[in-house]
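Below are structures written as structure tokens.
Look for chain A in each of the two complexes below; its partner is chain B in the first and chain C in the second.
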Partner chain A sequence: MVINLNKDNYKKIVSKITPKENKVKNALISFFIGGLIGMLGQIIVTILENNYSINHNDATTIMIIILIFISCFLTGLGFFDNFVSKAKAGLIIPITGFAHAMASAMLEYKNEGLVTGIGMNAFKLAGSVILYGTISAYFFGVIKYFVFGG
Partner chain B sequence: MIFVYSFIFCGTICLLGQIILDNTNLTPGHVTTMFVIFGGLLNAFDLYDKFIKWFGAGTLVPITSFGHSLTHAVMSAIDKDGILGLFTGMFNLTTAGIVAAMVFGFITSMIFKARD
Partner chain C sequence: MTINFDDIYLKEASTVAGKEEARGNYKNLYDKTYLDYYMGEKTFEQAEMLMIKDSVKILKRKSGISLNKVDLIIGSDLLNQNTVSSYSAVGFKRPYIGVYNACASFCEEFIIAGNLLINKDIKNVLCTISSHNLTAERQYRNPVEYGAPKPNRSTFTVTGAAAFLLTNQKSKIKVDSVSIGTPLDLNITDVYDMGAVMAGAAAKTIYEHLNDTNTNPDDYDLILTGDLGVYGKKILKEYMKDEYDIELSDNYEDAGSIIYNRQKQKKVMAGGSGPACLPLVFLTDVMDKMLNKQLKRVLIIATGALMSPTMNNQKLSIPSIAHAVELRRV
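Right after this comes the complex of A and B.
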């Protein structure tokens, strides 16, 4: 009885505290980091618009390019994987994750040569984003054209 | 205030991604792919453009905006060129992101060594 009770208690404590706390903690961290990156994007756009009088569309494009450059650079230096293991989805879901996926795939297969290594593996991880993004956009376009008449 | 809205929007998308990652067996690849399609779907109902107005550039940072840009480009190409726009207009808005990722990724792989 005592052992059973202990087991039950143990199970209860484990299931109550450990995974829940981790999940909540992970969720909060990714909210915070993801939010910071979103805010960084807005800050870059605001600075470009106000200080360099660039129009809004160009400013957002430059902002995306800057974020991609930063994440490629950090991937090359080897920091980004550490950041991802701590920040989780906070870095995977923003455009930084897309850039990281491409840069790390190219870096990883570098030793296999320019064509068979880098060339054939560049889109290994990011390819599904581009493929299914394109397929779904095409599908929505077809619906718009044929159902709603262009 | 727009900074706070950007923070909240981008943070919420990442929070959703993390919840999906933690509670299912899906990989980050699955989640990003889902979010791209989800962004395209939101744009198909003209919702994402409203989000951009309300929440600022924070909406353009998550991967959902990639799906939004693809769908948005196709929609405006259809308005302009008819059915041929389905084929010609797909990457009109996302070119910068894809090219930047390819070029900077390539330069990165040239300069740095892989670390394991």
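Right after this comes the complex of A and C.
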């Protein structure tokens, strides 16, 4: 009664039946939503520069704070996850995604205490971004120093 | 491996369901439904415990049996350490066994309870089973509020709980036999494709059960798998024909594919999954039809992906298991 399972055959059937994700569509959605976030950021910077005579560097910082605030606020209200699942990578890749990743992890663990819950899990998703962001920034800094002379 | 029972019966059952299930195809058949995922509790885990307690309370009322007449409680859920089952069991103050076979636990409970009931010292066993969409998401995937986009092949964990009473005193639905499945690894690593992980195990168990009982699919009024989802269901049918030369026809259905109204409930993607998926279909619609004698002989196959995020991160493929239970209206 022992049958030798043919795993290759099984895999063939699985890949034949499983629906393919529409990568082009997902990429386009991400591109446009991500682009909209970029545009929103630019509008905020321009308004700050022109109407409040804030210099470019400060305006950029304030813009980032505003976007982070909006996404954290919407995460807290429980809306942002719905937007994220519809916007594909469009909301995850910009700064909004980073803020959302931290806020959602903190919400998730808020019932497990300030230290053991929120403290230990806040960077559960965002930790990789910080770690590899810092490392790649270091290497790009080195490259920039040697290629363009600092 | 198939074990035949002489006098084990399914006496009574109760089901409670979450908000998404309450909009599904069997919305009118659940004993109780809840409006949101917290159900008035502080956390999702505590909400899942509430569902278990409610289902037991309703079962007590429906069957008229008090807990101190229950000889044994068997509980199962999807969480680490069988958390919600065991924490709920403390309140029942009865002997307790916690079991885990992921989504195959429903049939595993029949297997264990049935074999214990052969021992005449145990006259009735109360089994509980539960899953909660957000406790599962939190344990197996990302934080609940993160909302990472999901592919079309993914399934949606059912929120609900069921309690059922197995006894060795005669009643209307007899547990004829059970088949214990063998764990399988078919080299599938995709955590979003549970249907593909489990369909192979379901095929093997169905084949073995038919072989051991000398039956073919047409002998059953209904063959019902647990939570393969619409694509897993197709994979099972095709693989069953290809590998075992057995054709599953119209009397075959998958609980995960029919529990939701997939046309209206787009977020469930390929269908329902989780330990509570099969009981929320079988103990409602199917059991009613068995009691009405619309269905006489039913084979249910609970399918479980024995997945661990740890092992998945270590790049191991996902093993699966399926157990079968054959029931007959007497």
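Just so it is clear, the second predicted complex is superposed on the first by the 116 of 150 C-alpha atoms of A that agree within 3 Å, B and C clash if a C-alpha of one lies under 4 Å from a C-alpha of the other, contacts with A are read in each partner's own complex, and residues count from 1 in each chain.
Simple rule for what comes next: a contact is a pair of C-beta atoms (placed from the backbone, for glycine too) under 8 Å apart; a residue touches a chain by one contact, two chains touch by 3 or more.
Just so you know, these numbers come straight off a predicted model, no measurement behind them.
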Regarding the shared-chain residue A:78, is it in contact with chain B (first), chain C (second), both, or neither?
both
After lining up the shared chain so the two structures overlap, which partner does A:10 touch, if you call chain B first and chain C second: first, second, both or neither?
second
Per the contact definition in the header, classify A:108: touching chain B only (first), chain C only (second), both, or neither.
both
Touch test for A:50: chain B only (first), chain C only (second), both, or neither?
neither
So in the superposed three-chain picture, is A:31 touching just chain B, just chain C, both, or none of them (first/second/both/neither)?
first
Quick one: is A:116 in contact with chain B, with chain C, with both, or with neither? Answer first, second, both or neither.
neither
Both chain B and chain C touch chain A; at which residues?
26, 75, 78, 88-89, 92, 103, 105, 107-108, 111, 125
Touching residues of chain B toward chain A in the complex: what are they?
2-4, 6-15, 17-19, 21-23, 28-29, 31-33, 35-37, 40-41, 43-44, 56-63, 65-67, 70-71, 73-75, 77-79, 82-83, 85-86, 90, 96-98, 100-102, 104-109, 111-115
Within their complex, chain C touches chain A through residues 42-43, 138, 142-153, 184, 186-188, 193, 196, 199-200, 204, 207-208, 211, 231, 234-235, 238-239, 242-244
Could you list, by residue number, the parts of chain A that touch chain B in their complex?
22-23, 26-27, 29-46, 60-61, 63-65, 67-69, 72-73, 75-78, 88-90, 92-95, 97-99, 102-103, 105-108, 110-111, 118, 122, 125-126, 128-130, 132-134, 136-138, 140-145, 150
Given the complex with chain C, which residues does chain A contribute to the contact?
1, 3, 5-7, 9-11, 13-14, 16-19, 21, 26, 75, 78, 80-89, 92, 100-101, 103-105, 107-108, 111, 124-125
